[in-house]
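Chains here go by letter, A, B, C, D and E, matching the order in which they are written, and residues are numbered from 1 within each.
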Amino acid sequence: MTRRARLWVLTAGLLGTAALFAAACLRMPPFGGTWHPYGDRAVQAALLQRTANTVSSVNFDQRAFDTLGEESILFAAVLGTVVLLRRTSGERRVTPQPASVPPAVRRYAIAVLPLALLIGLYVVAHGQLSPGGGFQGGVVVATALHLLYVGVDYRALERVRPVGLYELADGVGEGAYVVLGAAGLLAGSAYLANILPLGTFNTLSSGGTVPLLNAAVGMEVASAVVVLLARFLAQALEIVDEKEEGRERGERRKRE
Amino acid sequence: MREALDDALVVASLLFVAAAATAAVLTRDPARQAVVLSLLGLGLALLFTVLQAPDVALSQLAVGSAVTPLMILLTVREVRRRKRRE
Amino acid sequence: MTVLPYLVAGWIFLAGVHGLATSRHLVHAVGCLAVTQSATYVLLLAVGYRRGGTAPVFSDTPPGTPVVDPVVQALALTDVVVGATVTALLLALVVQTRKRHGTVDPDELSGLKG
Amino acid sequence: MNGWLVAAAVLVVAGLGPSLWGAARGGAGRRVVAQNAATLLLCLVFLLLAQGYGRPSYVDLALVTSVLGPAGTLVFVRLLGDEIDAPPPGLRLLTPLVAVGTPATLVPLCIATGPGRALLKLLVVGALLVAGGLVTSRALRHA
Amino acid sequence: MVDRLLPLIVVVPLLGAAVLVGAGRRMPRLAAETVACACAAASAALACAALAGPATAVSWVGDWRPRDGVSVGIVLVGDRLGLGLAALASVLIVAVLTYSWRYFEEPPRGHAGAFPALVLLFQAGMCGFALTGDLFDAFVFFELMGVVGYALTGYHVEEARPVQGALAFGFVNSLGGYATLMGIALLYARTGELGMAQIGRRLDAAPGHDALVAAAFVLVVTGLLVKAAAVPFHFWLPDAHAVAPTPVCLVLSGVMVETGVYGVARVHATVFGGPGGIPADGTRRVLVVLGVVSALTGAVMCWQQRHIKRLLAFSTVGHTGLFLVGVGLLTPEGLSGTCLYVLGHAGAKAALFACTGILLARLGSVDERELHGRGRDIRGIGLLFALGGLALAGLPPFGTGLGKAVVEEQAAWLPALFGLVSALTGGAALRVAARVFLGAGERGHDERETAGGGEKEPETAGGEEEPETVGGEGEPETAGGEEEPETAGGEEEPETGHRIRLPPPPMVSVAVALLAGALAVGTVPALAEATAAASFAFLDHAGYAAAVLDGRATGGQPGHGGEWWTWSGAVLGLLSAALAVVLAAAAVVGLVPSRGWSAPLRRLHSGHIGDYVAWTMAGIGLLSLLTLW
C-alpha cells in the first residue's frame, strides 16, 4: 500500500474504534463507584488467609494460576531472547573497551549497590505485608547489579554475573513455583492450594504458601532480568560480525 | 474537600499520562523516545499511586525507570553501530 | 470526571496505534506498542477505583477501611510483566532485523510479499 | 484541608508538567536533565502522598524511586554519551532543585513523622536523593 | 480425581521446560529431547484420560470452590471440546518433537534444550487457553502462546525472512491481545467478574444490550480473530508460517490458529450467548461474513503461491474461514461438523508441512518452480503429499470430508463456498505434487509469458540448479513498487544443516501417522457421536454456568446420535476433490488464465507492519459495524 492509502485505512479504523469506545464509555459505571463484588470478596478472602496485602493474596493465592502463567511468559520471553540473540556463525566475541566514568559516579555506584540490593530483597520479603513482592523486588535486585555497568565498567558487571548460574536460578525459580503448586495436590487438596499454616496476621511468616511462592517469583524474576539484559549487553558490546570487523581492520591499516 | 483533592490529583496525573503518551508517539527518534517513555513510566507510577495501587506503581517503576530504557538504548546502540560502519 | 479516565485510556490506545502504524523506525514502533499497552493499565485501574478508598494493604490500616478493588491491581501487575517481556522479545527481533536486512525502516523491509 | 496533598498536587502541576515539556522537545542532553528532575520530583511527590494519605507503607515507593531514578539517568548518560551536548541546557537548575527541594520537603515530613523507624526510612530516602542528584548532575556535566 | 489433576495438563510441560532450561548447559541433546518428549506425552496422556472420564471435569485451582455461585479463584473446565483441543494440541506437540528429533543442525552451543523447552511452553500455553474458564486467565495463556510463537517463528535468526515474519507476528498479535484486554476491562466494569460463567450470569441478570457490551464483544473477539487469522486480521499468518521452522509450522497451522476460532466460540457460548449478551443475529453476521471473506481470500491467495510453505499457510487462512462459518452458524450441528473438520484438517495440514520439511531437508528449497521434477526419486513422499492435498479438498472418507459434509447440510449456499475453497486449496497442493514429484508440465515460465508485457516478474532463483549458491546472501528476489508482488521459496536454508540423502524414518512416520489420523476422523463413528454430544453441551449457555458454578454436571444429551456420512455429503466431497484434480491438471498443462487479475489482492499482502496494523484497526471498525448494524 502507498503511505496515503495506509493512512486512509488507518484513519477509518481509528475513527470507528474511537466511536465504539466512546459509546461504551458513556455506558460505563461512573468512575470511582462503590460496586466491586469480586474485589470485596477478594478482600474478605485475603483477611481470612491472614495476608495483609490483598494484592499479594490475589496474586499468589486466589489467582495464583494467573501468576504461574505470567511467570511462564517471562520465562519464555527470556528463553526466546536467549535463542534470538545467540551468537551466530560468522560472528565473533571481542572484549569491549573499558569505559571512562567520572570517579564520583564510580564511588556512587559502588556505595549504592549493596543498599539497592538490600532494598530489593526488602521489597521481595515484605510482599505479603506492604506494597511490593517478588516481581518488583526481583527487578530492583537485577537493576542494582547493573549499576556496575552504568557506573563502573562492563567487566565489573561480568565478574558478579556468571550467566550460567543465573540461567540455572531462572529454571529453579520457575520449577519451584510449579512444584509448590503440586504440593497442594500431594496434600490431598487442589493444585496451588494454600496448605501451609497461615501464621499470625501482619508478620513476615503469615499467609501460608504466599511468601514461598513470592520468593520463588523473586528468584525467577531477578535472574530472568539479569539473563535478559546479559543478552542485550553482549549484542551491543561484545558480538561483532567477522566480515564487518575485517573490513574495519582493513580500513584502519590503510589509514596507518 | 478531601474527595475534590483526590480528584484533582487523579485528573492532573491522567492529563500528564495522556500528554506523555502523545509525546512518546510523536518523538520519532528512538533514543529520545526512550527518555519520553521513561517519563511516561513515571507518570503511570504517579497515576497508579493516586488510584491507590502502590503495588502496580512499584512494578511500573521497577520496569520503566531503568530496565526498559536500558534495553531500548542498547538496541539503538547496536542498530547505530552497524549503521555507522557502512 | 465520571468518564474522563476511560476516555484517556482510549486516547492512549489510539495514539499508540497511530504511532505504530506510521512508524518509520522499528524501535520507535516497539515504543509505540508499549504506549498502546499502557492504555490497558489505565483502563483496568480506573475501573477498579473507589472514591474515598485506599490501597487494599492492611499492614498500616485497620481491616474494614474502604479500599479500592484489589483484583484489577493483580491483573495490572500481570499486564506490566507481559508488557516488559513483549518489549524485550520484539527488541531482540529488531536487533536481528538490522543485521539481516540492513535496515530498521518498515518501508524498506521487502522479504515477504504477495 | 490536607496540606500534604495540596503540596503534592502543586509539585505535580508545577514540577512534573514542565519536566515533561523539557523532555519532549530539544536535544538529548536537555531531555535527560528533564528526566532526572522528574524522578527527583516524583520521589518527593511520593513522600508527600504517603503522608497525605496517612499510609506509611507508600514510602517504599519513594525508597525505590530514590535508587532507580538516578540509576535510570545514569543509563541514559552512559548510552547517549556522545549525543549529550556538554553542558546540557537546564543543568544549572538541577543542583538548586536538589539542594532546596529535598530539605524543603523532607524537614516538615520528618517533623510530622517523629522519631522511629519511619524517620530512619525518610532520612535514607533523603540521603539517596541528595547523593543521586549530585552524582547525576556531575555525570551530565562530564558526558 | 480427574478434576483435581486437570491443572497438570498445563503444568507438566511447564515443569519440563524449567528442567530443560535449568539443566540446559549440562544436558546432552539426546537427554533433553527425551525429557521433552516424555513431558509432552505425559500431558497428552492426561488429556486423553480426562476425555475418557466423566462428562465435564471442573477444577478450581487453589481449591477456591464457589460459594453461592461465586468464587474468587480461577477455574479450569475440562469439557469435551476443551479437553479435545488440549489433547489435539498435545498430540501434535508430540508429533513435532518426534519429527524434529535430531532434525535441526547442532543447536546453538549450550542451548541444547532451548528448542524443546520452547515447544513445551507452547504446549502449556495452548492447553491452558483451551481449559481455562476465566477470561483474564485466557488472556494470560493467549500471551504465553504468542510470546513463544514469536520466538519460535524467528528461530532461524541467521536468515532474513524469519526475523521479519516473527516481527509481523509479534506486533499484530500483541496489538490484538491488548484489544482483548481492553474488552475484558470493559466487561469487568459492567459485571465485576472475571470467570466466564460468572460474567455470563451477571450479563443475563440485566438483559438488554447496549454499546458497552457490544464494544466489549468486539474488542475481546478482535484478539481472538487475530489469532484465528480472519481477514482483515490475517496478514501476519502467511508471513509467519512461511518462515517458521517447518516443525513449528505443524503446530502453528495445525492447531494454534484453530485455538483462536475455539476462543471465539467459547466466549460466545459462555459470555455473550445469553439474553444479556450479543443477539445471535449479530454474532452470526460477524462470524459468517468474516468467515466467507477469509475463506475466499485464503483460497485465491493460496492458488497464487509458489513458495510451498506460504501456499499451505494461505490454505490455512481459507480453511479457518470455513471454520468460522461453521461456528458462526451457531447450531450444534455446525459446531460438531467444524470440530471434525478441524481434526481432519490438523492431520492433513500437518502432514503436508511434514512432507514440505522433507523436501526442504533433501532438496534445499521450497519453491514450486525451482523444485520442478526434482522430487521424482522420492515418490513415496509425493504420494503422501498428494493424499494430503486430496484430504484438504475434502475427499471421502477423510475427516475433512466428513466435517465439510456435516456443515454443508446446514444451509443451501454452503456447499458452493465449501466446495470452491476446498477445491482451490486442495488443487494448489495437488498442483505442487504433480510438478515437484512427477515433473509434470512446463517448468513454470508459462505464466510469466501470459502475464502480459506491462508486468515484469523479477525472478532469479528459477534458473539456478544449486540453491545454496543463492541461499542466504541473495537479496530476496521480490522487488517493491508496482512490480509483481511475490515471495519465492528458493533461498531457504535446509534446516538440517546438511542435505539428507534419504528421508529419515521419524519424519516419514510422523507424516504417515498424521494422515492416518485425518483418515480415522472420517471413519470412526464413535468420534462423530462424541463430537455431536460435546457440541450440544458446548453451546448450552446456562448448562455451562450450572456445571461450573453450581456443580450440576451436564451429561451428554441423549438423542443426539451424531452426524454421519450421507450420500449427498459424500458426493459433494467427491465433487470438490474431482474439481481440485481438474484444477491442478489444468494448471499443470497451462490452461489457467494469467495471474494478473489477482495482483491488487496480492499487493495488499505487502509485508509492511504499518499496513497490517492499519488493517487491524479497520477490522475493529468493521466488526463494530457488523455487530451493531
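Here is the rule we go by: a contact is a pair of C-beta atoms (placed from the backbone, for glycine too) under 8 Å apart; a residue touches a chain by one contact, two chains touch by 3 or more.
Note that the structure is a prediction, hence the values are computed from the model and not measured.
Asks: Just how many steps, at minimum, does a route from chain B to chain E need if it may pass only between touching chains?
Replies: Minimum number of steps from chain B to chain E: 2.
Asks: So if I look at the partners of chain C and the partners of chain E, which chains show up in both lists?
Replies: Touches both chain C and chain E: A.
Asks: Based on CA centres, what chain would you say lies at the far end from chain D?
Replies: It is E whose centre lies farthest from that of chain D.
Asks: Averaging each chain's C-alpha atoms to get its centre, pick out the one most distant from chain B.
Replies: With centres defined by C-alpha atoms, farthest from chain B sits E.
Asks: Any chance you could check whether A-D or B-C wins on number of contacting C-beta pairs?
Replies: Between the two chain pairs, B-C has more contacting C-beta pairs.
Asks: Indicate, using Cα centroids, the chain positioned nearest the centre of all protein chains shown.
Replies: Located nearest the centre of all protein C-alpha atoms is chain C.
Asks: Can you work out the whole-Å distance between the CA centroids of chain A and chain E?
Replies: About 31 Å separates the centre of chain A from that of chain E.
Asks: CA centre of chain A versus CA centre of chain C: separation in Å?
Replies: Each chain reduced to its C-alpha mean, chain A and chain C end up 15 Å apart.
Asks: With chain centres taken as the means of their Cα atoms, state the distance from chain C to chain D in Å.
Replies: The answer is 24 Å.
Asks: Mind pulling the residue numbers of chain C that touch at least two other chains?
Replies: 1, 4-5, 13, 17-18, 21-23, 39, 46-49, 51, 54-55, 57, 59-60, 67-68, 71-73, 75, 77-78, 81-82, 84-86, 88-89, 91, 93-96, 99
Asks: At least two partner chains per residue is the criterion; list those residues in chain E.
Replies: Only 136, 140, 143, 147, 150-151, 154, 157-158, 182, 186, 188-189, 194, 603, 606, 608, 610-611, 613-614, 617 qualify.
Asks: What residues in chain B touch two or more of the other chains?
Replies: In chain B, residues 2, 6, 26-27, 34, 52-55, 57-59, 61-63, 66-67, 70-71, 74-78, 82 touch at least two other chains, as defined above.
Asks: Who touches whom among the chains?
Replies: So the chains that touch one another pair up as A-B, A-C, A-D, A-E, B-C, B-D, C-D, C-E.
Asks: Under the definition above, what is the set of chain C residues touching chain B in their complex?
Replies: Residues of chain C touching chain B: 1, 4-5, 8, 11-12, 15-16, 18-19, 23-25, 27-28, 30-32, 34-35, 38-39, 41-42, 45-46, 48-49, 51-55, 57, 67-68, 72-73, 76-77, 80-81, 83-84, 87-88, 91, 94-95, 98-99, 102, 104.
Asks: Taking the complex as given, what residues does chain B use to touch chain C?
Replies: 2-3, 6-7, 10-11, 14-15, 17-18, 21-22, 24-30, 33-34, 37, 40, 44, 47-48, 51-56, 59-60, 63, 67-68, 71-72, 75-76, 78-79, 82, 86
Asks: Quick check on the complex: what are the chain E residues that touch chain C?
Replies: Against chain C, chain E makes touches at 136, 140, 143, 146-147, 150-151, 154, 157-161, 163-168, 170-171, 174-175, 177-178, 181-182, 185-186, 188-189, 194, 238-239, 242-243, 301, 304-305, 476, 478-480, 484-487, 602-603, 605-611, 613-614, 617.
Asks: Could you please specify the touching residues of chain D with respect to chain A in the complex?
Replies: Checking each residue of chain D against chain A gives 57-58, 60-61, 63-64, 67-68, 70-71, 74-75, 77-78, 124, 128, 131-132, 134-135, 138-139, 142.
Asks: Contact residues on chain E for chain A in the complex?
Replies: 4-5, 7-8, 11, 14-15, 17-25, 59-64, 70, 72-74, 76, 108, 110-111, 114-115, 117-118, 121, 124-125, 128, 136-137, 140-141, 143-144, 147-148, 150-152, 154-155, 157-158, 182, 186, 188-190, 192-194, 210-212, 214-216, 218, 603-604, 606, 608, 610-611, 613-622, 624-625
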